[in-house]
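Scrolling down, you'll hit the structures one after another.
Both complexes shown next keep chain A, but they swap its partner, so chain B is in the first and chain C is in the second.
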Partner chain A sequence: MTLSTPLIWVIVPMVVAVVCTLTAERRQLSLIIACVFTFGLALLAAYLPQELILSLGPLTISIEESLNFFGRKITLVSAMLPMVAFLYGTTGLWLLSSNLQSVPKSFRPTSLIITAALTAALGVEPFLYAALLIETAVLVSVPMITFPVKSEHSGVLRYLGLMTIAMPFILIAGWLLTGVVTLPPESPLIGQSAVVLGLGFAIWLAVFPFHSWVPMVSEHSHPTVFSFLLFILPTGILVFGLNFLNRYGFLRTSEAIFNIIRLTGVMMIVFGGVSTAVQEELKRAFGFSILVETGYSLLAIGLAASGGLHWMLMMFPVRALGYWLWGYTLARLETHYGASIGLGTIQGAARRTPWLSSGLILAQLSIAGLPLLASFPIKIVLLSQAASESISLGVWSLFGSLGLFLFSIRLLLSFYHPSENENDQIWHVQEKLPHYAPIIIMMVVLMAFGLFPGKFFTGLIDILTAFPHLQ
Partner chain B sequence: MQVISKLALIAIVLSVMIVLIFRDWRIIALALGAQYLGAFVLVLLSWPINMAIVKLISGWMATAVMVFTSLRCSREELQPENVANLFFKGLSGLLMIVLIFILAPPLQRRVFPDVDLLIIQGGLIMMGMALMQLGLNSKPFPVIIGLLTFLTGFEVIYAALELSTLLTGLLAVVTLGMAVVGVSMMVSAEEADSVIQEEEQQ
Partner chain C sequence: MLILAPIGFLLIACLAVFILDLVHPRYGTSWLITVTAGILAWMIIIFSRLRLPTTVALFSWDHPSLNQVGKLSLLLDYQSWPYALALITVFLAMVFTDAARTHFDSRPRAWAASLVIIALGLLAVQSGTSLTMMTAWVLVDLLELFLLLSLQETTQFNQRIIIAYGVRLASILLLFLGTMLGWAANGNFDFAQAPYPAGFIFLMAAGLRLGVIPLNLPFLREPVLRRGAGNVLRLTPVAASLTLLARLPGEALLPEAGYWKTLVTGLLTLAAIYAASRWLVAVNEIEGRQYWIIAWSSFATVSVLNGVPQSSIPWGMALILPGSLLFLYYPRIQPTNFLLLIGALCFLGLPFTPVASGWSGLLGGGFTLWTILLIIVHGLMVLGYLEHALKPGVEAGVLEPWERVVFPIGLILILQTMIILGFFGWPGAFTLGVWWVALLSNILILTALILARRFGISPPYFQLPANSTIKKVSDWLLPRIEPVFRLEWVYWVAWKLYYFFGQILKVFSSIFEGEGGILWTVLTLALLISLLTGGGVN
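== the complex of A and B ==
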């Protein structure tokens, strides 16, 4: 029996998405189907032997790496399977929390389709067509982020508009770059191609000044949905971006390009950090914190010469856990305090919902890079590397990160100080174990990641073997 | 073919101006249909008819989807547009078209030497006017029309650079997906407006 990797990790999830749509009214059944298949696909990708042969008793299944599709190929090489496992594992994590109140019914099928589209984008040939698959993922994501606030569309329209405008930049840049390979290094076309490519990625990754939709969408969409989308899309886009670095030598060797990427990253960290520090709305603050994370990814790419790509890949799992915890706790807080959660509305929340409050603080501190938490080992290395390149880069990055800490302190004070009409001596804990058990588990995991970084962080680095020039 | 292509370019220029200036969905739908026809003729300069027709069909399908939704959603008559507003939009559109006619020849020489000038002019006019449309509007219908126009302009140029069945299929999926997303947003905005109106009446 012969199967192919794209059939298993692209077509099967699409079929499961259709099944989830048909069973959307039976939420538990739909949840079980989605989670079983998603985690199953993740485990299969993680533990499939490198020879791509599965032996199940008398049955031997050989799995090919390619699938022909409209005259072109989708190829998922075995080196890319850790990334596929990671994408499906994280999608499964978010699906586990998809039974929370007011998560749109469309979230399960949509998240599966987005992950399948991004997986296809990892292997489509020519690789440029991935831009169209990413655009498809964006289009699919729109209905779930317009829910439940139906009248507020301006942020979503900006998101859709900017993502759509980015796609032609990438495709045109790809076409330009195919001709650039044969040109002499001083040709102006090389710089022009790099600018077009950079613009495309800047719009995709919501780099300043194309970021305005991020806080707008985060403010009006469901935290579970938004945290998933803003994790999975940039991750897919960044891995797709590795293709360009791998294929075009002039991109890899240009010091100017890496300088610009580094500077852009630091600018994003500072901008996002300062904006987060002054926010009153928790969901908007999350949106701005995401800009900081984008900044760290760019900083890591800018430091590629000193191993930055490893750090960028190692940040993905940490980010996934932090975003998930943030999305989960915010969603739970929404059920307590309504859709608009500001620092004022959550005053004294720690006295009623201590685990929820602790979870949100910990998620924020983990993303900020507090020592002993998951992202600390990576961020401290990135900050040190940035400082060794240029002391001002390191100082500004640290300054931006302090914005996240400042917001965490404001959050902590709001959680602890009771509102004016509350008796400050009394704690009325209103949480139930099923609600806070996932928070405790994730808190333990985040601390374990921070305490034993070497045990958890190395798996995703293996995908660099799929990019021979980047190892 | 050259005469037909020039007529197609004229049709594109007129249709994008109409889409930019007017607000009535019936007029916009007709203009969008004409725009897809013009784009089809320009794509024919680079692709065989059996591939190029996919763009026409997907474009017209997207237009039809938007038209039927507008038909459902349009409850009240549009207020007549302010003359100064019409004049401003018309003038800015004309400036954009003039700018593109100036920029297209050097762009062809330096970046796209193998692509017909008419294709570059037609594609850029659609993309430029679409960006203007996006900048001037914030409601789902005009924004989605702007994005569809932008994609069409890009497809016209990109068709001259690459021929692939998968690419054609994916772009058709994106065009139709954009229309479906537009429909979902228009319908949800309409529902939200109805709820607000009912609450106000109570």
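== the complex of A and C ==
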């Protein structure tokens, strides 16, 4: 029996998405189907032998790496499977919390389609078609992010508009780059194509000044949906970006390009951090924190010559855990305090929902890079490397992260601020074990990641073997 | 293993006491478990003096991509051993004296909390790398935050507790910054070889945590657990910071950064003067505890700035041990009051007493204006201690017979430890020291006592008569200059700046997210590109 990797990790999830749509009214059934398949696909990708031959008793299944699809080819080589496993694993994690109140019904099928599209983007040939697949993911995501607010809200339009504008930039850059390899280094076309490519990625990754849709969408969308989208899309885009670095030598060797990427990264960290620090709305603050994380990814790419790509990849799992916890706790807080959760509305929440409050603070601190928590090992190594290039790069980046810490303290102050006429520290805990058990588990996981990073972060680095020039 | 055993004993005891209290509360059994764990830990730490330095690797991040820098280890050396011993002694003294405070905050849950705090404190003082120290600080701080917020019964201190946590967090971030810059300069390093500016940043981290750089007093009143467990809770993070000071290289500041040294020494002296004067007039020792901590911490920090980090240890010991003697001395039993006076001998700084080796840290390069001011501060601290120590107590009859035995044991244990440390706590502990500075300080103290008597003021109350002019002037002046000393205006300015920038960013956001946002985006992009190309990046 012969199968192919794209069939398993691109077509099957699409079929499951259709099944989930059909069973959307039966939420439990839909949840079980989605989770079983998603985690199943993740486990299969993680444990499939490198020879791509699966033996189940007398049955031997041979899996090919390519699939022809409307004249195009999708190739998922075995080196890329850790990334596929990670994408499906994290999608599964979000699907687990898709039964929360007011998560749109469309979330399950949509998230599966987005993950499938991004998986296809990892291996589509010609590789520029990945831009179309990413655009597909963007278009598909629109209904789920507009769900709670039926009326038109400009954040979604801006998101759609900017992401769509990015696509032609990437396609044009790809077209320009086809001839660049043969050009002499002083040709102006090289610089022009790099600028076009850079603009495309900057718009995709919501780099300042293209960031405005991020807080707008985060403010109005469901936290589970938004946290998933803002995790999965940049992850897919960043991995897709590795293709360009791998293919074009002039991009890899240009010191100026890496300088600009580093500088942009630091600017994003500082801008996102300072903006987070002054927010009143929790969901908007989350949006700005995501800009900080984008900044860290760019900084890591900018330090590619010193192992930065490893750190960029190692940040993905930590980020996924932090975003998930953030999305989960915000979603639960929304059910208690309403859709518009600001620092004013959650006053005294720690005495009513202590686990939720702790979970949110911990998620924020983990993303910020507090020692003991998941992202700390990578961030301190990344920042020290940045500081070894230039002390100001490292110091400014840490200064940007300060914004996240400052917001955490403001959050803590609000959680413990007494409401009116509340002088006694009376605890009215309104939480149930099934609600806070995931938070406890995630806290333990975040600490384990923070203490033993070498045990958890290694798998994803292996995908660099799929990019021979980047190892 | 010698390093881990005390921590293990304490954590196991904590679990046992907690479970016992949950399932079948028994005060006596819980107390016995706590004391047994404390004694075992104390004996092991005493024994480990024969095996210094001892190190144990906990684990490492162990991945090539993390550059092998992430190593977590514990180190018991001549700098950390005195603090480890002091911490466990204070804990044991707390448990012994708690026997006489059954009507106050002496509860098995408080012992369980103290057990875990001390275990983490030992982890922090024995941190072998900055990474271990950061981890331990985070744990201690989170635990302290949790305990303070969950144990207090009113909400009035919540804001102060969280701000105090914020300050601690800032000190951890300074440690982060120092480690980051140290790695950038040298790769892996230990505290004693911390390169510039990492060493200086570590010093700032410890100073911020101790509340001396810049002066910060989050708690104007103690929120909860004033005695007993409260003392452990207050002093453990302090000990962890003092260990960092003791481990820093002598040349934490480069010679060419002299202005920094002058500035920081000035700030420290200011903090010390303010704290000592507040300590002297504090209503009681508990209200004055934070000033006690700040004044001695300033001495320890100045010692490091002067290039003699080893001299920070005696000042640290003066802070922890005689301080605890006073703070744990409740209820006051008149016949045992003399124990406090023996405690005072330990920080008078006389030759061959524990603090004798500390004077060289204050002198540093020479006798300066700062030295004179710090000698005066020393005098004020001693006078304040005497005032609190000489307050009358009650008769021993108020205690149960067994409490009458156990209570003084706790206090004597502190005195014994001070004597042990005075003899061989750290290299050069038993020394003549800079005897003339000690003489100068003690002459000042004696003169103050004599003058006080002449003005009709006699211990235990160094308070001026209510109708005296000086008292009237000071009553008018002190509340007015106090905010200046407490540097609250600095924090006010910082808050206003933060608010100002916040408003600017909000305007910025509303422009970008408004109807014309896309146009503004394009315009900003054009501006950025022109700026970048104008800057020579083509």
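What we mean here is this: the second predicted complex is superposed on the first by the 467 of 471 C-alpha atoms of A that agree within 3 Å, B and C clash if a C-alpha of one lies under 4 Å from a C-alpha of the other, contacts with A are read in each partner's own complex, and residues count from 1 in each chain.
The rule is simple: a contact is a pair of C-beta atoms (placed from the backbone, for glycine too) under 8 Å apart; a residue touches a chain by one contact, two chains touch by 3 or more.
Note that the structure is predicted; figures quoted are calculated from it, not measured.
Peer 1: Pick one for A:372: touches chain B only (first), chain C only (second), both, or neither.
Peer 2: So A:372 only meets chain C here.
Peer 1: Touching A:62 in the superposition: chain B (first), chain C (second), both, neither?
Peer 2: After superposition on chain A, A:62 lies in contact with neither partner.
Peer 1: With the two complexes superposed on chain A, say which partner A:417 touches: chain B (first), chain C (second), both, or neither.
Peer 2: Touch partner of A:417: chain C, not chain B.
Peer 1: For A:161, using the defined touch cut-off, is the partner it touches chain B, chain C, both, or neither? Pick first, second, both or neither.
Peer 2: both
Peer 1: State whether A:192 touches chain B only (first), chain C only (second), both chains, or neither.
Peer 2: It touches chain B, and chain C stays clear.
Peer 1: Which partner does A:72 reach: the first (chain B), the second (chain C), both, or neither?
Peer 2: first
Peer 1: Between chain B and chain C, which one contacts more residues of chain A in the superposed model?
Peer 2: C
Peer 1: In the superposed arrangement, does A:471 touch chain B (first), chain C (second), both or neither?
Peer 2: neither
Peer 1: Please work out whether A:171 is in contact with chain B alone, chain C alone, both, or neither, and reply first, second, both or neither.
Peer 2: It touches chain B, and chain C stays clear.
Peer 1: By the touch definition above, which chain A residues appear in both interfaces, chain B in one complex and chain C in the other?
Peer 2: Dual-contact residues (chain A): 154, 161.
Peer 1: Considering the complex alone, what residue numbers of chain A touch chain B?
Peer 2: 69-72, 129, 132-133, 135-136, 139-140, 142-143, 146, 150-151, 153-154, 156-157, 160-161, 164-165, 167-168, 171-172, 175-176, 189, 192
Peer 1: Which of the residues in chain C come into contact with chain A in the complex?
Peer 2: Residues 59-63, 65-67, 69-70, 72, 131, 134-135, 137-139, 149, 152-156, 158-159, 161-163, 165-166, 169, 172-173, 176-177, 179-181, 183-185, 498, 501-502, 505-506, 509, 512-513, 515, 517-518, 520-521, 524-525, 528, 532, 537-538 of chain C touch chain A in their complex.
Peer 1: What residues of chain B sit close enough to touch chain A in their complex?
Peer 2: Chain B residues touching chain A: 110-111, 127, 131, 134, 138-140, 143, 146-147, 150-151, 154, 157-158, 161-162, 164-167, 169-171, 173-174, 177-178, 180-181, 184-185, 188-189, 191-193, 196.
Peer 1: Hey, which residues of chain A end up touching chain C in the complex?
Peer 2: Residue positions touching the partner: 154-155, 158, 161, 191, 208-212, 215-216, 256, 259-260, 274-275, 277-278, 307, 310-311, 314, 350, 369-372, 377-378, 380-381, 383-385, 387-388, 391, 394-395, 398, 402, 405, 409, 412-413, 416-418, 422-425, 451-454, 457-458, 461.
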